[in-house]
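Letters are used for the chains, namely A, B, C, D, E and F, taken in the order the chains are written, and counting of residues starts over at 1 for each.
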């Protein structure tokens, strides 16, 4: 099997009302455990990769339930650090038609947000690893997390480990200025940089000329320009951008672009009826890492990543419960959804 | 806060199978409590208005549960009258695609249907009120209800209270002739008259020339003509008409028109993927009353009312669980349904 | 009432995760009892026909639950044979958007698969019957089932009973060669032959020239040619073919063709938003048998069958819970899905 | 198989909150269909008897769902009369510990309550029947129901059909005076009279001297005296009395007595942990009729009836889902509840 | 109606797995909103009192859902303060037999814990009030809460408002020393002091000689001695103590004692089968306040309070959903749990 | 950490109706994955041991879901063999009061039942293991399973691995004669032999003189005699016997005895209110292995094992979700079930 892929970040309890009920109508919540980087780790484990998750969890039943979920789907959790006060929580209300989905985060004061640099022995954690993945959310948790990320990245550099990062700007966690300043220290270590249409602008002020995110109007050249700027400024080997046209909360168009420093390959665009949109971006990251770690060419890699994340939108909760065979079938063009008996 | 808005009518237990199960497949029903005018009261309370509900409920746990639901969403229930034999019930089976939704009413003999004129002291109930709302369903309940409505309307006139009425013709409750005769006595008190494409014809024989409701073909001039006729015949200050094109049980187009005696303003048309269509018309009434009671101009008022009711179609059960900010965002053009984090 | 229609085949426990959960996410399954021919029997009973089901069930609570479901919807179960080791089971995972639905069959070793010719006294079972229905799945169960089918068909011939058969090729149960060889002995007894776009090719190598099933491209002439070949080769009086264009797991186009030896009538095509697609083909069979048994003309018959099966796609689980009046309303063109109050 | 047993009465929709939720806490109800005599019919069908149910149901989906439930468990419904305005409903709130269970009836104006004598052709309905069962609830529904019952009983007498009646006094439906007057006309036709500790006193003023129902103190001689008085006054061949000691809503003691005109046999007393107590009395009636119709002696009959109804208390909803073998095992003394693998 | 009773404290989201699932088995949580003082307020509103709740809630959908729950059951929420970061949460795992129930609190950093003295204008809030209730949990939340409580109590004193306090020691929130020091400043304002068997010892070191809480052995004299000491030390007019004998997580004995400065009255002891034990103590407080505020004598008051809280143990979630009539029936000795039809 | 404990046997899908519904009432099943030896492995992993599970699973989503469940609770699944036709299934109907629980097995033809000796490389699987556990169910599956067990046991002997076996006689799988003959070859390898009151008699005809299992009457000397006979005949170092007195399906008494060749230690007896009894015996085995593997003395070991399995009866589904601390607290005498906050 491939060498280990280590993902680092938060994992939270996710609570969502059943079906399309709004928060104020709900007398029950579906409970799952997820988070930006954890979603990537589960994607990779579902593809048969040796994925490991690093985080800090409270030593109580809720922390253990989060750990158990990762184990259930095959993620190695031996490097989870135990301690701290609480598990972060986020509440998801599923939108429909013109009513947008809504997320309420209750993640302040979590065990990972209060983690210490001394909690993580990166030299040991990264031993035998070939790839390290994190997102812009982890440093945004504040406290020592930016420093912890830097520790990890320096260890990666020393060991020659490939690094991927999803910029994933979260305006609720930090300002654009804070994000820009911190990420500018971390992205230079990043080999594979992932962003959605807005992240590069939010974090680094890098804009795709001629594109209006709100209007959904996409401009291919603009995205290539963003990728090129990210590469030039930080030296990223690959830059991937997800392209979402949000027609409604129920229907999205979805595509992606991968720039390899030379060529920009665009995936086909999928017309998606949404089951659960949360985790869609993470499933793109999971697919991309799988593809690049397994030596796919640029076009095949973006096609795999976009097919993988297209399928995620049809699955409840954050995790992308798809196999390599299922992703490849869609990437090969079979989008008919005919019953498999 | 604004002065009190008093709504008068029935509130029933609503029972629907879960998901898309048909009645004969269901071993469980979701229970909520709703009704045409109650839905309007809840809309208004959700918008922060001081809304009050007047009805008669049986003095048992089911009546109390109905009252509690109103209280939960902020509606004042101090003027509810207690007594009588039973709570009305209606069963809703959610349709999909070419299969229509189905409603079975079991409302005969309810406490409100058997209510007496002496049950309601309108002079006291309407004290401090600025607006009164009812629908054509209430007099259709029969017994003394037409007289009770007339009592209320005369009290409104005496106090200078604005009156709105949704014609809401229900063929299961009375004939077109009965409806026409009774409503002709009540509508002269109405300032703001609300109707769907068919109501004016059903109740008063007023037709929008050149429009075929079943074909879904809408004719703007025809609707203006209907509004003008209603105004001319009964003196209504405002006439609002909802315009539904039913492509299937899953997909509807939705728009509205507001006539202010001078101008007819049409809202944008929304292409809706339906979660729960029942209560859609009532949410239009709730939005319109909010807008007019808060001094919106004709175009803004119809835009707010249609945006509000567009959003209702994405929400389970009858009540429109939307805030003013959410409605305004859609009315301002943000229909992309992007996740709000 | 009409004379008895006897359906013969398997009935299994159907287990599906709730909503859109994948198998590996599910902690609960919805349990129902269904099967290709049982679905037809229930359709017919729902239309008020005197439908009877013949199968073999284990003499335990699961077998009794399967029998009870048939009784619940009015199917006569007096000729069910009791015994054998187990009830077959199939697991259904509902797809959405680009993710296909998935069926896992666990039907080997079931009581019906191990049934003996001596279990069924066809002379008695078919006494008073006017129609006999089976599908290609029953002989595919193996063991003595091909011989049992032949016994039944010969008894039908002796009694002048009309025979219908849905070819229903299942690649998991037998090879194309096995299917072809066995069905070639059975189909000569068949008056009404039903197939989907692929069955005739899979079983008999009869192809609709110029049609590519995977592309969804339909060629009317090709289907007529298939029907004509089936008629010529086996003497079938009627040949019906269902025409599905699978745009995604959520959206299908659906139509059908009926060849009566002289004319080929095509139904209108419906654009369907899918609730549950499993049992869609069987509901076509149920509609067609109803129409032909009640003397509908060719165009009316195909219109009824396709409207019936269009509506099935909006209903949870395999059974088509529609009345004649509901089917006729759609067949007459009312596809607007407006609420029926 | 035995000759037909015909049961006559109401069947209603039963709605109960899940688990131990109170009515005012419930957002969902479990829906089933049951009624005093219908529960007896299902018991008998579960024991393999040829049981038939006679009632009047509204011709809508709710009436059909009620009918379907009877069919599901093997009750013959061919003599159901269709028509009238509505299906009766009752709401059940499950008690626990010191909190009593609570039932809210909403049965006024139901199709059966408004049924006419001309609805039922007893000569035809009772053709081939050997036993007729009704309860005191049916005449208590009012309207023509007392006369309908009398019609049926006279037809029974003419045909030599055994008649059983559970007195089942319901204070919400009629006064003790009304009950006494009406039942005094019907009970003379009754061969097997069933009552609980209070019924004979409520309906006929016949008291078990020295017994205080509320205290739960039972006096064997007193019950024999009640039975003897019923026999003397109305000529009943058998009188059965159920003896419930209600320690709490969760725990009851349960026994019964059968008087055959000569001997009074008492069953063993069971100490019951209650799952669902509603239908407990009806399951006693079902067991008793089975035993007497199959020629059990007095002691065996009361033992079977009490074992059957003991087991009912462990089953959700009204119906007693037990087989003859299961009842016999308990009657034979196996109350250990060891797992049956 | 009586004058207003004001309760002050936290209200949290309560999340519990369904049934007896452990936290690590749960994929769904039932969501309700409760808290020690909120539970008292709802009890009082259910008894028809004019109860008002004062707290600070985050201005988001979760805060609004908490507020809505209070409104639903008739509690006045006009004095809720809006703001701060989050709603506290607690997770409840229901025990059974020898397995104890388990509560995980996640309440740190809640809006109420971070509330400021300036958030509450006690002079206005307490205007028209006759009674004020709080518990030892509120000052234990830390920050300015001890001072806020003192502000409230001084305002009560100035206005002649009766004050009740449930000591409710929570070892997870503060140490015995912290509790003792803070509560010693607050309890002198308390007229009615409520405690369980352990609170007085935990908070003030006041012990009931000869009683071992863990053994469940109760000593009546010891409890009177505790009450007398509390009265002597702080001047409380009434001291009430709940007496729980925990036989298992499923079965408890439950009684109480009320000391009025002269006499100690003990209630009957109830043998309880537990549905949900959380909120049991609060329901005692609610019952006691109701009884004392309505002028009950000492014996009647403790009987009402204990009957009320006995019934709470049979109800899901924290709130005591009982009416005055239901409590009085049990207090009058009707514990048989017979079905109420 | 301790050395590896390897468990070998079947894991099946467990399907049970919700709550107390009978099979024929259920429209939904709760799905979990369990089996006699798998339950032991999960117990051990929950206690922090390095437990590994060996079985053969079908390479489909159901097999993967079974594997995932083991992983979720920390069991190592690297030695699972993939292939074969199907996953075994068993259906559990929960009993209550006098109604027994019922299990329907559908395990014939499963992947493990059809496994081959060549599927398992015991030398590799047992590398680094210190303990091996199996039960009498595994050889009872038939085919090559007796030989596979013998292979494993001989490898254990060669490596000096401790072997435990739960006799677990299943009359549905083999006769007493078959069991006796096969087990007589396997038990000589067993160091720790576990049985319930009936197993030794069923398998080896070894009886506890003076004990009548059905009467629940326990005779301590008799059990010691059984243990001594097992030791003498097969050389088992430890013999443990579980002692269940089944008062009803809701209430059991539960104790155990451990014989160490010299002394027989009896645990305290627990009076249990049952939540889910299935897996009770397996949880005893899990507790016993934990205790003996960690060097507990005979009395402490039996106390731990019985406390562990007592607690299992309070937990839904087969797995014993308890920690060492929780078991130790009960073993130390804390059975009060007081809420842990």
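In the analysis below, a residue touches a chain if its C-beta (ideal position, glycine included) is under 8 Å from a C-beta of that chain, and two chains touch if they have at least 3 such contacts.
These numbers come from a predicted model, not from an experiment.
K.L.:
By label order, what chains touch subunit A and subunit C together?
P.N.:
For subunit A paired with subunit C, the chains in contact with each are B, F, in label order.
K.L.:
Please identify which chain has its centre, taken as the mean of its CA atoms, farthest from the centre of subunit B.
P.N.:
Centre of mass proxy via C-alpha means gives F as farthest from subunit B.
K.L.:
Which chain's mean C-alpha position is the greatest distance from subunit D's?
P.N.:
Relative to subunit D, the chain with the farthest C-alpha centre is A.
K.L.:
Compare the two sides of the subunit B and subunit C interface and say whether they are made mostly of the same residue numbers, over half shared, or of different ones.
P.N.:
different
K.L.:
Assuming a repeat means more than half of the contact pairs shared by residue number, which candidate in C-D, B-C or A-F repeats A-C?
P.N.:
B-C
K.L.:
Weigh D-F against C-D on C-beta contact pairs and write down the one with more.
P.N.:
Here the pair linked by more C-beta pairs in contact is D-F.
K.L.:
Could you work out how far the Cα centre of subunit D sits from that of subunit E, in whole Å?
P.N.:
44
K.L.:
Using Cα averages as centroids, what's the distance between subunit A and subunit D in whole Å?
P.N.:
Spacing between the chain centres: roughly 62 Å.
K.L.:
If a residue has to touch 2 or more other chains to count, which residues of subunit F qualify?
P.N.:
If we look for residues of subunit F contacting two or more partner chains, we find 19, 22, 24, 27, 68, 102.
K.L.:
Pull out all the chain pairs that touch, please.
P.N.:
Listed in label order, the chain pairs in contact are A-B, A-C, A-E, A-F, B-C, B-D, B-E, C-D, C-F, D-E, D-F, E-F.
K.L.:
In the complex of these two chains, what residues of subunit E are touching subunit A?
P.N.:
Contacts found on subunit E: 15, 22-24, 26-32, 60-62, 64-65, 68, 85-87, 89, 91, 93, 102, 104, 106, 108-109.
K.L.:
Under the definition above, what is the set of subunit C residues touching subunit A in their complex?
P.N.:
19-22, 24-25, 95-103, 105, 170-172, 214, 216, 246-251, 277-278
K.L.:
Please give the residue numbers of subunit B that touch subunit E in the complex, ascending.
P.N.:
68-69, 71-74
K.L.:
Can you tell me which positions in subunit E touch subunit D when the two form their complex?
P.N.:
19, 270-276, 310-311, 313-317, 321-322, 326, 330, 334-341
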